[in-house]
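Encoded as structure tokens, here's the structure I'll be asking about.
Letters are used for the chains, namely A, B, C, D and E, taken in the order the chains are written, and counting of residues starts over at 1 for each.
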Amino acid sequence: MSVSEAILEVDALRVHFHVPRGVVRAVDGVSLALRKGETLGLVGESGCGKSTVARAIVALVPTTSGDIRFRGESLIGLSRGRMRPLRRHLQMVFQDPYASLNPRMTIASTIAEPMRIHATVAPGDLDERVCEIMELVGLDPSMRRRYPHEFSGGQRQRIGLARALALEPDVILLDEPVSALDVSVQAQVLNLLEDLKARLGLTYLLIAHHLAVVRHMSERVAVMYLGRIVELADREPLYTEPIHPYTEALMSAIPVPDPVVEAERKRIPIEGEVPSPTATITGCPFRSRCPQAFERCEVEAPELEEHRPGHLAACHLPDAD
Amino acid sequence: MRLSSFQGLLLTLAAIGGVFLLVGMPPIQAGFIVLGLALLALPAWFSAPVVRVVGGALLAAVLYLFLRLPLPPALAIVLAAAVGFAAWCYVPPRILRRVCVLVPSMVLLVYVTSLLMYSAPGSPFAQEKAASDQVIAAKRAAWGVPESPTEFFKIYMTRVLEDFDFGPSLTVQGRSVMDLLGPAFPVSMSLGLTALVLACAIGLTLGIRAGLRPNSFADYSSMGLAVIGISLPNFVIGALLLMVFALSLGWLPVAGWGTYSHLLLPALTLALPYAAYIARLSRAGTIEVMQQDFIRTARAKGLSEREIVFKHALKGAILPVVSFLGPAAAGIMTGSFVVETLFGIPGMGHWFVKGAINRDYSVVLGTAIIYFSIVIAFNLLVDMAYAWLDPRVREDL
Amino acid sequence: MVRNLLGILAVFAAALLLVAFTFSATVEERAAFTYVSGSEPKSLDPHIMTGQLEGRIADALFEGLVVRDPRSLRPVPGVAREMPEISEDLKTYTFRLRPEARWTDGSPVTAHDFAWSWRRLQRPDLGAEYAYIHHMIEWAEVYNTYGVQADAIETASEDDTSIFEALEELREAHPGGVEAAAWQSFLAEAEVFQSLKGVGDPVLVEGLARSEGSLSQSELERFQSALRTEGRRRRALFERAEAHYGIDEGMWAEDDHTLVVQLVAPCPYFLDVVAFYSSHPVPRQVVGVQDEEGLYVNEQDWFLPDKIVANGPYRLQRWRVNDRIRLVRSPTYWDAANTKLDTIDALSIENQTTALNLYLTDAADWLPGNYPTDLVDQLEGRPDFYDTRGLGVYYYRFNTTRPPFDDPRVRLAFCMAIDRQLIVDDVMRLGQIPAFHLVPPDLADYGYQRPEGRIRFDPEAARRLLAEAGFPEGRGFPKDVGILFNTSESHKKVAEVVADHLRRNLGVEVTAYNQEWQAYQATTQKLDYWLARAGWIGDYVDPNTFMDMWVTNGGNNQTGWGDPVYDRLVRSAANIDLLVEESESLFARLKEPEQARTLLAAYRDATTDADRAAAGAALRMHCFREGEAILFQDAFPIMPVYYYVWSGLVKPHVRGFYARLDLGGGTEGANLQDIHPLRALWVEK
Amino acid sequence: MSAPLLDVRDLRTQFVTEEGLVRAVDGVSFPVDEGEIVGLVGESGCGKSVTNLSILGLLPQPQGRIAGGSIRFEDRELVGLSERELRKIRGNAIAMIFQDPMTSLNPYLRVEEQLAEVGQLHLGLSRPQAVARAVDLLDRVGIPDAVERIKSYPHEFSGGMRQRAMIAMALLCDPELLIADEPTTALDVTIQAQILELLKELRDERGMAIILVTHDLGVVAGMCDRVMVMYAGRIVEEASTVDLYATPTHPYTKALLESVPRLDERGHARLRSIEGLPPRLDRGPFDACTFAPRCGLVRDACLAGEPALQAFAEGRRRRCVLAPEEVV
Amino acid sequence: MARAAATLAPEKGTSLWADAWRRLKRNRLALGGAVLLGLVAVVCFVVPVVLGLDSETTDPANSFHPPDAHYPFGTDNVGRDYLARVLVGGQTSLLIGVAATLASVLIGVFYGSLAGYYGGKVDEVMMRIVDFLYAIPYMFLVILITLQFSKEARGNPLPIFFALGMVQWLTMARIVRGEVLTLKNREFVLAARTVGAGDLRIIFRHILPNILGVVVVYATLTVPAVIILESFLSFLGLGVKLSWGVLVSEGVGVVNPIESHAWLLLLPSLFLALTLFSLNFLGDGLRDALDPRTRR
């Protein structure tokens, strides 16, 4: 595998929110590099901060510290004017296809809006361009004067994708793109995503809690827990030889649609639930649920280190072995 | 453009000040108001420790003002300081933050009300026969009502802070504001509470009945009945009630105050519009609650419809009503002018209207302060009731 | 479920319990006599109060030297043992007080109490609105007003510049002299007229009257020095009055039971004034508290139930604001044996319908006028309804300083365009008399012999006049003209009909609009109106109570109109001696100078005091006639509409209530001032 | 073999809406035996939840109604049973747990109250007895420190604990049948695993039957003895779990299985997608196979009429005109 | 790639407004309200012009004329045609209601959306100011503002609606702010931000159209509140020259046991009640139609 350039780099990103009961460390020191043309999967349970990472990248939430670089250029602290042209190349698709479209706008204006804002297309050509994009995502252009509520979930997700594609971006952040869809429609959207990537040479950051989807789509996968990345590796090594006990447990918890396989699988039970996001944590954040935790985990937070080539994990276990 | 919050404040205040200047308010007055608003806004920037200190100090100061009257000064200071200290230690910042806002609010209220009063034509000293400037000036000096509202504000605040004296009424000779409002308060309280109970009883019955079967006959008839309450001014309703129950049937007295029978018609008149609002709110509340998943759970448990409504749905259904009760109570206790006039009741509503109409500045300020206090008190009550009903907000209180 | 329901019920019950707990009224027995008093009394201090409803209660609580006989309303002895001795020249009244008169605290009512009280009424720092009612007494006006006027002229109060200084500034600003128009507006702005009220100095009189041409520097200088002199004069006089009024001059207590009053000039209505509530004694032991520096401090709340000491037939037992005042029979009253009602309730009810409902449901025995006016037709036929002509006039003021009403022709046109007969017959419907003059016709000595005015209902003539003034068929007439009235159903009715008449008869669009009382007063006093509704009810039965309103810049004038001739006439009526000197300059400008000269000659030549008094009285009436001629033949500063009628409902079991007066000798009279003394009432069931 | 615990026959449930008559469930029949876990799988809107609500007579009123068919539970006919009688069964012999434990518990009442009332209602227990029983069950479903925690309000519980509390509530009266309507959809996978494990244990322990409604084929695979696949208000295929996954004989089932990415997949096979959308149920009744418009194997026979649900092997039924072999 | 526009001819979609309208049309009560309201408005504004009715000409000799063929509504206390007065009064009442509501909507939406959109401390401060204004008795705010203009106004409704608008905007601001607060974190707003939309575009294109429903509902319910408040001012004598409030408060004077000229109260009350009844039902219907949460 040739070492491709990193198109998007996230470096020691922290996003903290102040709430009445304290500080939520939604993202607490995440570093990622997205290589051009790849799909990086970001998985984790709800509240682990995976969506916040994406939102921080597109500046929907303010960054507490750390750096985000797009094509080597830092996006942090940029003025609005400098940010706008860069932002064009960085688009996002949201989870809920019902909430992510303005119900009062026709889908033509929804898709055209980014082009209007950035004036990438002459106003006279907008309509035509909208039709093109709609065809690209598999929608019938003659429906462009309709409103979102007249579409099904899968179609809406296509519209959301069309909006993201309107600016011909390089990177698309996919925030749980199929989790709200029915199974049969999921496949349509996933296939479409793959096709588009191939056709347009896109780079994806795929955020999902569904490990199977991530496995299906991504070249590399990062697992998050409590605002941190606990493991980051190429797909196959991660799924076949996970290092972090959390990754392992997570995978074992996912049922496989095959009774024969299911019957044979051994489950790694993890007890309890994710600690409160406002709690201050010493040591390894996972230790309260980790079946293999030992003394060191109590006191020292493990760093994300390369334990095998290209396989990073934040765990003391490999050292202990 | 994302504003920093402080920039936002400055911008907001500057905009408000600008609007005032634009409509021709003297710069000093605009300045005072903006300053007051700034004081009002400032606690938003206080961190918890600052809130504790400022809130505790303000609490102590206010307490001192009260305690000093019956107690020797040294004792008052000690007591107030002790309570302030205790507040600093134990009272949650959320409540102290309220204190931080309340005190400047009260002061600003007095100032803004003074400005409003002064800007209305006429003065409390107007009489039918034009008096000479000298006589008027002498009267103004004697009553502590100078020509400038800012000066008046200073005099008034000094009087209140030093003697806890809300001043003499300027148009009812020989009576202080306390003399006038003191006896009127329990009257309004009796009337208001009765009306409130009536309003809740009627409103909840109609609203819940309607909400349980939306778009049914029960719904239409209940809401139709309720909407009557807000479709006519209450002086018309009062007059009609009077016509029927007092004049035609002779069951109840036509006017006056003294026996419980005097209470019923005015309370009903006062209650009807509020009953209508309550009906509306509880209808919406009921509809919403009845669609909740936990109602389905309750059904799946085998509970009877009655148990479901009264045990599981009721609390949620009346929550919107509860938050309406704060403003409603304030409105009911003070907005009864029409009812008082119609039924000859010596309540507070009279002073809310007559104070302004007679330009009785001290009465106006007195009523404003009372209203403010009632609003605050009822908001607190409502918050408590809300927390009692909804455990989820208890921690936020 | 039960818990939830119980919870709600418990909250309700707790709230209702709180109601029961705070329920503020004790159930009171109905009073022997209850009447609807109207709005809440603003004060029960007889020197401060100005309203009829307050006066009614004051008359029950306090007793003056003379009181009104309930049947005839003529003055009869009250605290005075008998009617006063009146000197031959009609200027000195000597009252002898009953020794048995007592205050409710048991102390005797003495002449010193009256002297103290009457002096208090004039105290400049009391600011009593009705102080002027005693101004016929020697030194009273001086004590009441000269100090303040001298202040205004000469000494600058802290932030206000004095007239004198303002004049200095004016002179410096206009080295070449001042235009008359600018001069007049300066005078008005500095309120010079008010401060120089009654000035005799010819330089000042001439200066004040200058309304054409301009004033040169030297004239201004002369004016200024005369002003300085006048200020000094007033200061000196004030100091004298302050030292002596009520002590040994003007009016004083000769001994504990003798009060001597000296009038400036004979005053035929003086005893009426003595019976008026402003002349009631107030308890100096309660009212006048002496502070450390030896100054009298006026207690503001001395008349509240727990403090009041009074000398009248009733005591104030309870006063619940906005509800009722409870009066009980006073055992210390000298004539307590003849007070018949044990308790009286005066209800504060403003709403007319509520008042009527209370009366109709027998919760009140007397409803003086306070019923919905639209019900007149229905009420008139009832046996318990009464009505009587009243001593009051309903009129509109013109703002004569604001075009187009600065043109008397426009004012007259307006006056002639409204159909008063229709207003009284179909709008008011109580038998009111259409008014074309100011003074009501029932003043026996005067009313029926006054000069014809030019006002009548004549739309044709009115249109002609308006055309002459430059508004043919109302064309070009300002569009924004409005008729101001103070908020009230019945004023509104009249104003709307008047506006309609003006529209139909003159073709001018005028809007009737209202302001509530406080704003209305400010607006009319600042002359910020076009046409404003007003009414005046005589304080005593004499033309003077109407005529003295219209003197230049008088407190009740508020039209901007003024005429030096009129002013002199009114002043002369108050003191005929002023006419004896230099009368020709005035007579030359009268309508009937010959008659005036004849009357003056008779006055001069009178040999006996009685003759002289009779001639003086006739001359006085002539002054009023001439004055009214100015008002209604030339100037029309006001538009009279009708003379009042009083009416009300009184239960048949109420006795001692006289809607018609028994004037003796079988003649009946109208109860012009709607006075029904409470002390005389009783109830027969 | 004795009569099944629950026997649903030709159930037809309809809703009257503004758009028209919605035949949400149209001729559904299935038995549930004692101690059996039956999976009901399908996409949203296929009628699986409505089927369950129909069983307990919990259809939203006044729009919903059972238009036909029969539901026999322990030899009693539930359709047409009075509300009063139905209430005796609900929460007692048949209990139900719902998808979102966040909203399915009453936020205004303590957990104690919500649990105890069931015991008081159905078992005639006194309040303290009912509470004690509730504590026992909370303990059983794995809530630590149940004596104390039972006094909490639902919002003080985490999502997993709430679902455990819901399960405890359902188990209070030892129901013969537990209907679990998407019990883990709102939960994280690790919690989902715990809850599913718990349900399985409970079944083993108490021998109650469970109807497990879900859209997740993986959940079914690990849990159920028998699976019914629903589509557009109908059962299109029914089989034992093992058979169904091994040899899906309905094109829809097959497509469904092929359209989900699997965790254990090797290689990067393209997912099979089912084009189009399920039919709108307010457009019925249908005179063709409802899946025909989306079916890759559609032929004329499919459009001629609606195929019936027919048994073709031991314990297997399907609704398709094609031969099973044509599909596999 | 030139494609004939004809082949692209789009189908017209139905907007949510159209949907709401369809739902509203099903709500017979609301529709009845709307029709009635329209009828009242048309009658008030058209009939006086068409019939040339005169509400000012007095004829005191003919006062309290009961309704008959010539005077369908009778005459008032100075003999004016009561039909004309009721209708012309209706014009003022409706105008005041609508105008004051518009004023409150403009101020409230502006203020509320700023507070909600910028959120955080700005929101806290702005809402604190609103809370503060709430604590001033609105009654004498209205009275004092009305007094302020009593001279210039002379029965002109302008200051009254200004005064009423000034007190009504507070609730509107609160409602709008609440809606904006939830909307601004909705994904479609976030999506707009990620494509680079500016604050103004987001407020005007994405947020305001979505709160319009709530605003319309609340505005419909504000109109009756304003009309009632105006009648209260009329009761105090602070009202306008002629409105339903004026007529009704005058009419109340006839409720007494002596003789009731009942039509003087009943006819304007009927119009007032019908209007408010319709507005309330229309408002409730709109809420049901526009706000899917309370919809069944």
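Here, contacts are C-beta pairs under 8 Å (C-beta built on N, C-alpha and C of every residue); 3 or more make two chains touch, one makes a residue touch a chain.
Predicted model only: the values in this text are computed from it and were never measured.
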B-C or A-E, whichever has more C-beta pairs in contact: B-C
Relative to chain C, chain with the most remote C-alpha centre: D
By mean Cα position, the chain sitting nearest the middle: B
Where chain D and chain E are represented by their mean Cα positions, the distance between them in whole Å: 50
Cα-centroid distance, chain A relative to chain D, in whole angstrom: 32
Centre-of-Cα separation between chain E and chain B, whole angstrom: 24
Junction residues of chain E, two or more chains touched: 147, 150-151, 236, 252, 255-257, 296
Touching two or more other chains - residues of chain B: 1, 120-122, 239, 242, 247, 307, 311, 315, 357
Touching residues on chain E, where the partner in the complex is chain B: 27, 29, 118, 120-122, 124-126, 128-129, 131-132, 134-137, 139-141, 143-145, 147-148, 150-151, 199, 224-225, 228, 231-232, 235-236, 245, 248-249, 251-252, 255-257, 260, 265, 269, 272-273, 276-277, 280-281, 284, 287, 293-294, 296
Residue ranges of chain A touching chain D (in the complex, touch as defined): 45-46, 152, 154, 182-188, 190-191, 194, 209, 211-213, 215-217, 239, 249-263, 267, 269-271, 273-274
Complex interface listing, chain D residues touching chain A: 43-44, 158-161, 188-194, 196-197, 215-222, 241-242, 245-246, 255-257, 259-265, 268, 270-275, 277
Complex contacts: residues of chain E adjacent to chain A: 1, 3, 5, 8-17, 19, 186-198, 201, 205-206, 209-210, 212
Chain C to chain B touching residues, read off their complex: 1, 4-5, 8, 12, 15-16, 18-19, 22-28, 40, 42-45, 48, 50, 124-125, 127, 129, 148, 151-152, 157, 160, 191, 194-195, 300-304, 320-323, 347-351, 353-354, 357-358, 360-361, 363, 515-523, 525, 555-556, 558
